[in-house]
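Below, each structure is written out as C-alpha cells.
Below are two complexes that have chain A in common, paired first with chain B and then with chain C.
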Partner chain A sequence: MALLTIDNLHVRFRTPAGLLHAVNGVNLQVDRGEIVGLVGESGCGKSVTARAIMRLLPEHRSAQVSGRVVWRDEDLLAKSETDMVRLRGADLAMIFQDPLSALNPVMRIGDQVIEGPRQREKLSRQRARARAIEWLDHVGIPDAAARVDQYPHTFSGGMRQRVVMATALSGSPDLLIADEPTTALDVTIQAQLLERLRTLQAETGTAILFITHDLAVVAQLCHRVAVMYAGRIVEQATVAELFAHPRHPYTRALLNSTPVPGQRERLEPIPGAPPDGLHPFSGCPFADRCPHAIPACDLPPPLEDVTSTHRVACHRHEELADP
Partner chain B sequence: MWRYTLKRLGMAVPVLFGISIIAFFSVRWVPGDTITAMLGAQYTEEQAERLREQYGLDQPVVVQYGRWLSQILRGDWGTSVYTRQPVIEAIAERLPVTLQLVAMSLAMAIALALPLGVWAAVRRRGPVDASVTVLGLLGLSVPGFWLGTLLILGLSLQLGWFPSGGFIRWSVDPWANLHHLFLPALTLGGAVAAVLLRMTRAAMLDVLDEEYIDLARAKGLSPRRWIIRHALRNALIPIITVTGIQAGYLLGGSVVIEQIFSLPGIGMLSLQAINNRDYLLLQGVILFIGTTFVVINLVIDLIYTWLDPRITY
Partner chain C sequence: MAHRFHIFRQHRVAFVALIVIVGYALIAVLAPWLAPRDPYSMSGDYPLVAPGTAGYWLGSDPFGRDILSRLMYGARTSLMVGSIAAGLALVLGTIVGVCAGYFGRHIDAVLSRFMEVLFSFPDILLALIIMAILGPSTVNVMLAIGVVYTPIFARIARASTLRVKRAAYVEAARTMGARTPRILIRHILPNISGPLMVQTTLSFAFAILAEAALSFLGLGVEPDAPSWGIMLNEGKDWMQHGWWVAVFPGLAITLAVLSFNVLGDGLRDLIEDTG
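Coming up: the complex of A and B.
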C-alpha cells in the first residue's frame, strides 16, 4: 500500500529573473517500509521536491506549488500549517545535508533530539532526558549519557549528523526524507552512517526517501530508485533493474560517469548543461545533451512501463534497450 | 569568567584615564571660566585673580589635572565651586531621574521593536515587513528634539493627556511619576526603537536562513516554539550588542530630552555645569558617564557567555 503518492507535482519560484520552474510534474510513490532513492545532479529539483512534501517551501513568498502530495488518503498540499505541524515529526520527518548547520548552536543536543516528542507527549524532564539518551545511543553516539547535555560545537560532523538522525527518528515517523545526509561527510564516516541508517530502518520499519547524487550510495542502501532530471522523473526501477538495464540515455550517462573499482575505462562526462528552468520547453529536457536525440524528442516523452517495476520517459527506450 | 572580568576591568583603566584627560581639557576649551561665570558681568580683575588663586585655578593646567586625578583616585570627586555641593552628591541626586528615563525608554523600545522585528522577518516581504521598514527609517530620521516638541504640542498642550514637563518622584506618587516620564521616554526611545527594529529584523532574517530552523520546523515544532526558541534565541546575540550600545547613547541623548521636558536629571545637570563653567562638576559628570559606558559593555560581554555556549572567556 502506498504511504506517499506524489502526483504531477509542480514547483515554481518567482525570481527577479522570472519564473523559475524547479519541479515539472513529478510522479513518485513510496510504500510502507521501503527505501526509495531519488537521484540526480545538483539543481535538478530533488531538494525542492523534498521540501514541497514537508511543506517547508516559502509558499507565502515566492514558491508556487501545485499537483497533489497524497499522504495515506489526504492531500498534504491542501493542509493548513496547523495540520502540518501535527504531521511533521510524528508522521513525516526530514534530515538535511549540512550537519554543521542543522543543529541549533545554542541548545543542548539532548533537548534538540527530544524536543518534538516533548511538544506532542508532554514528557517529564527526566523521562525526556532518558529518551534522548536512548536515541543518541541508538544512532551510535558513544557515551550518550555524558554527551546528552553538551552543545553541538563539541561534536564532529559525522557525530552531528547522527544527532540529526536521532532528532528525526525520535518522533517515530512513518517516512523519513533524507536530503543528501552523507554528502558533506568523508567516505568512511559516510559508510558508517549508511550502515547505521539501514539497521535503524530494519528495526523501526520507517520508509525512507533518500535523496542523493551518488549512485554508489543508492546501490548500497535503496530498494527502488527514481532518476530525476530538470525537475522530472525520467526513469524509475528497482535498484537491481536500473543498474543492470538502464533505459534512459541520461541514466546511462550517469552510470558511465561513475567510477567502477577495478575498471580502467575512461569516465565519460555528460556534455553540456541541464536547462536552467527559466525557459520552459515542451519536449524531452535531455534532448539537447542526448546522443540519440531525434526530431520526435521535441514532444514530451510519456513515462512508460518497461516492466511492472520499471518505467522510463524516453521516445526511443525500446530501440535503445540492451539486446 | 572571574579572571576575564578582572582582566576587562584592568583594560578599562587606560580607557577611563583617556576619558579623564578629554573631560578635563575639553571643558577648558570653552571660553570663560568658573570665576567669571560666578562673578557675573560686574567684577574687577583683582577679585577674579584672588578667587582663581583660592581655588588653584591660577596654576598651570597640567598641575591642575594632576591634582584632580589624585583627588579622584582617592575617591574624592571634589566640590562644585559654583553651588558648593559635593560633585558626587549632585550626581547621586540627579541620577535616579536619568536612570529611570533611560530604563523606560529602553523598555518601550524593546517592547515595540522586538515583536515587530520578529514578525517582519518571519513574514518577510509581506505588508508588516514593508510597514516596519518605513517605520524604522522614519524613527531614524526624525530628530528627538523635534519629535519631543511635537509630542508636547499635540499630546499635552492640545489634548492635555500628558504633562508637558517636570518630574515627580516615584516615592511621592508612582502614577504621576510614570505619567510625567511617559512622553520623554517615548521621545528618547523612538530612535532606539528604530535601530533595534532594523537590527532585530536583520538578525532574524540571517538566522531564519539557517538549516536548523528547517530542522526545527521538520520536527513538527509549533511556530511559536521554533520562532522563539530557535530563531530569536540565536538572533539575540547581535540584538543585545546593539541594545548595549544604544543604552550608552541614551545617557547622552537624555541631555537634550531632559532640557525639553524640564527633567532634573544628569543631562540637565551637565548643561548647568557647562553654563556655569563648573569645571569640577562637569568633569565629574563626563567621567561618570564614561564609566557607566565601560560597565555596560562589560556586562554585555558577560551576557554573551550565557547566550552562546561557544563563547568562553
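Coming up: the complex of A and C.
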C-alpha cells in the first residue's frame, strides 16, 4: 500500500537570473516499510524534492511548488502550516547531510533527541530523559546514560549523525527522509551507520526515502531505487533489477563511472554537464550527453513499464536492452 | 604564544573589573549599614568640611551632608538605573530584533525603519526629549535610557538571528515538528545570547553615564535623591572652595563606567575565543 505518492511534482525558483526549474514532474511512490533510494548527481533536484515533501521550501517567497504529494489519502501540498507542524516529526521526519551543523550547539543532546515527542506527548522530565537514553542506546551511542546530558561539541561527526538519527526516529515516524546522511562521513563510519539504520528500519518498520549520489550505498541499503536526472525520474526499479539490467543510458553511464572493487577497468566519465534548469527544454534532458541520442529524443520520453517493477523514460530503451 | 599571553592579560584585567563591579554592587546593597551617616541629614555646623575632618572621610557638601554616605547611596541609584535600563533595552531590543530577523519582509521593514529613526537621534538628546515629556523621576530615567539603547540591541539581535535562522539545526527542529515560538526560544535565542550579553555589559556603562548626565542637567532622578550626577552638578559651583564635592562623585562615575567597559571587552574576547 502506498504511503507516499508523489504525482507530477514541479518546483521552480524565482531567481535574479530567471525562473529556475529544479524539479520537473517527479513521480515516485514509497510503500509502507520500504527503503527507496533516490539517486542522482549534485543539483539534480533530490534535496529540493525532499524539502518539497516536508513543505520546507520558501513557498511564500521564491519557490513555486505544483503537483501532488499524497500522504495516505491527503495532499500535503494543500495542507496549512499548522497541519504540517502536526505531521512533521510524528508522521514524516527528515535528517540532513551535515551532522556537524544539524544539532543546536547550546542544547543538551538528550533534550534534542526527545524534543519532538516531548512537545506532542507532554512527557515528564524523567520520562523524557529515559526515552532519550533509550534512543541514544538504540542508535549505538556507547554509555548513553552519561552522554545524554552532554553538548554536541563533545561528539564526533559519526556520533553526531547517530544522535541526529535518534532525533528523527524518536517520534516514531512512518517515513524518514534521509538527505545524504552519510556523505560527510568517512567510509567505515558510513558502513556502521548504514548497518544501524537498516537494523532500526527492520525493527520499527519505518519507510525510508534515502537520498544519495552513491550507488554503493543504494546497493547496500535500499529495496527499490529511483534515478533522478535534471529534475526528473529517468528510471526506477528494484535494486537487483537496476544493477543487473539498467535500461536508461544515464543509469548505465552512472554505473560505469562507479569503481568496482577488484576490477582495474578504466572508469568512464559522463561527458558534458547537466542542463542548468534556467533554460527549459521539451525533450529528453540527457540527450545532449547521450551516446545513443536520435532526433526523436527532442520529444519528451514517457516513463514506460519494462516490467511491473521497472520503469524507464527513454525512447530507445527496448533496443538498448541487454540481449 | 604571545597571543595567548595577550588574552590571559586581557582576561586578568576584565577579572579585576568584575571585582570592582561586585564591590560597587555590595556597597549599593549594603549602603544603609555601611554608610557612616544619613545621606540626607544636613548640618549647619559642618558645611563644606575637607576630607578627613570630624569623621567626614571624604568631606561634606555645602549643606553639611556626608559625601561618602551620599556616594554609597548614589551607587544604589546608579546601579539600579543601570541594570533596569540596560535590562529594558535588552528585552525590548531582543524582541524587536529577533522578530525582524526571523519573520523578515514587512515585519522587518517596519521594525527596522522604526529602530533606525530612534537610532538617528543623538543618545542624550533623545533621552532629554523623553525626560522632558515624562518629567524627572527615577522610573522615568530608567524608561528613557532603556528606550534610547533599544535600537543597538535590536540591531545586534536582528543580525545574529539572520545568521542563526539559516543554521541546519533550525531547519532540523522544524522537521521535528517544532512550532515557531519554540524555535525562537529554544534554538534562536540561546545561540544569539553571546553578543547580547556583551552589549548588555557595555550598555550598563552607558546607562550609568546617561543617568549621571540627565541628573546633572536636572532632568534625572528627584533632586534630593543621592545621585552621582546631581552631586557633580552641585559640586561644580564650589570647585574653588571645596574640590572634593565634585571630584569624588566624578571618580565614582569614572571607575564604574571604566569597569563595565573593560568587563564588556573581556567578555567579547572570551566569546570570540571560544567561538
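The rule is simple: the second predicted complex is superposed on the first by the 323 of 323 C-alpha atoms of A that agree within 3 Å, B and C clash if a C-alpha of one lies under 4 Å from a C-alpha of the other, contacts with A are read in each partner's own complex, and residues count from 1 in each chain.
The working rule: contacts are C-beta pairs under 8 Å (C-beta built on N, C-alpha and C of every residue); 3 or more make two chains touch, one makes a residue touch a chain.
No experiment lies behind these values; they were computed from the predicted model shown.
The superposed arrangement places chain B and chain C in clashing positions on chain A. When both complexes are overlaid on chain A, the residue A:A102 reaches chain B and chain C alike. In the superposition on chain A, A:L56 makes contact with both chain B and chain C.
Judged by the touch definition given at the top, the superposed model places A:Y151 against chain B, while chain C stays out of reach.
Contact with neither chain B nor chain C is seen for A:R14 once the two complexes are overlaid on the shared chain. Across the two superposed structures, the residue set of chain A contacted by chain B and also by chain C is 54, 56, 85-90, 93-96, 98, 101-107, 115-116, 119-120, 164, 167-168, 171.
By the touch criterion stated above, chain B contacts chain A in their complex at residues 123-126, 210-212, 214-223, 225, 229-230, 233-234, 307-310.
Chain contact summary for the complex, chain A toward chain B: residues 51, 54, 56, 60-61, 81, 85-90, 93-98, 101-107, 115-116, 119-120, 151, 153, 164, 167-168, 171. Contacts from chain C toward chain A in the complex involve residues 167-169, 171-179, 182, 186-187, 190-191.
Within the complex, the chain A residues that touch chain C are 54, 56, 85-90, 92-96, 98, 101-107, 115-116, 119-120, 164, 167-168, 171.
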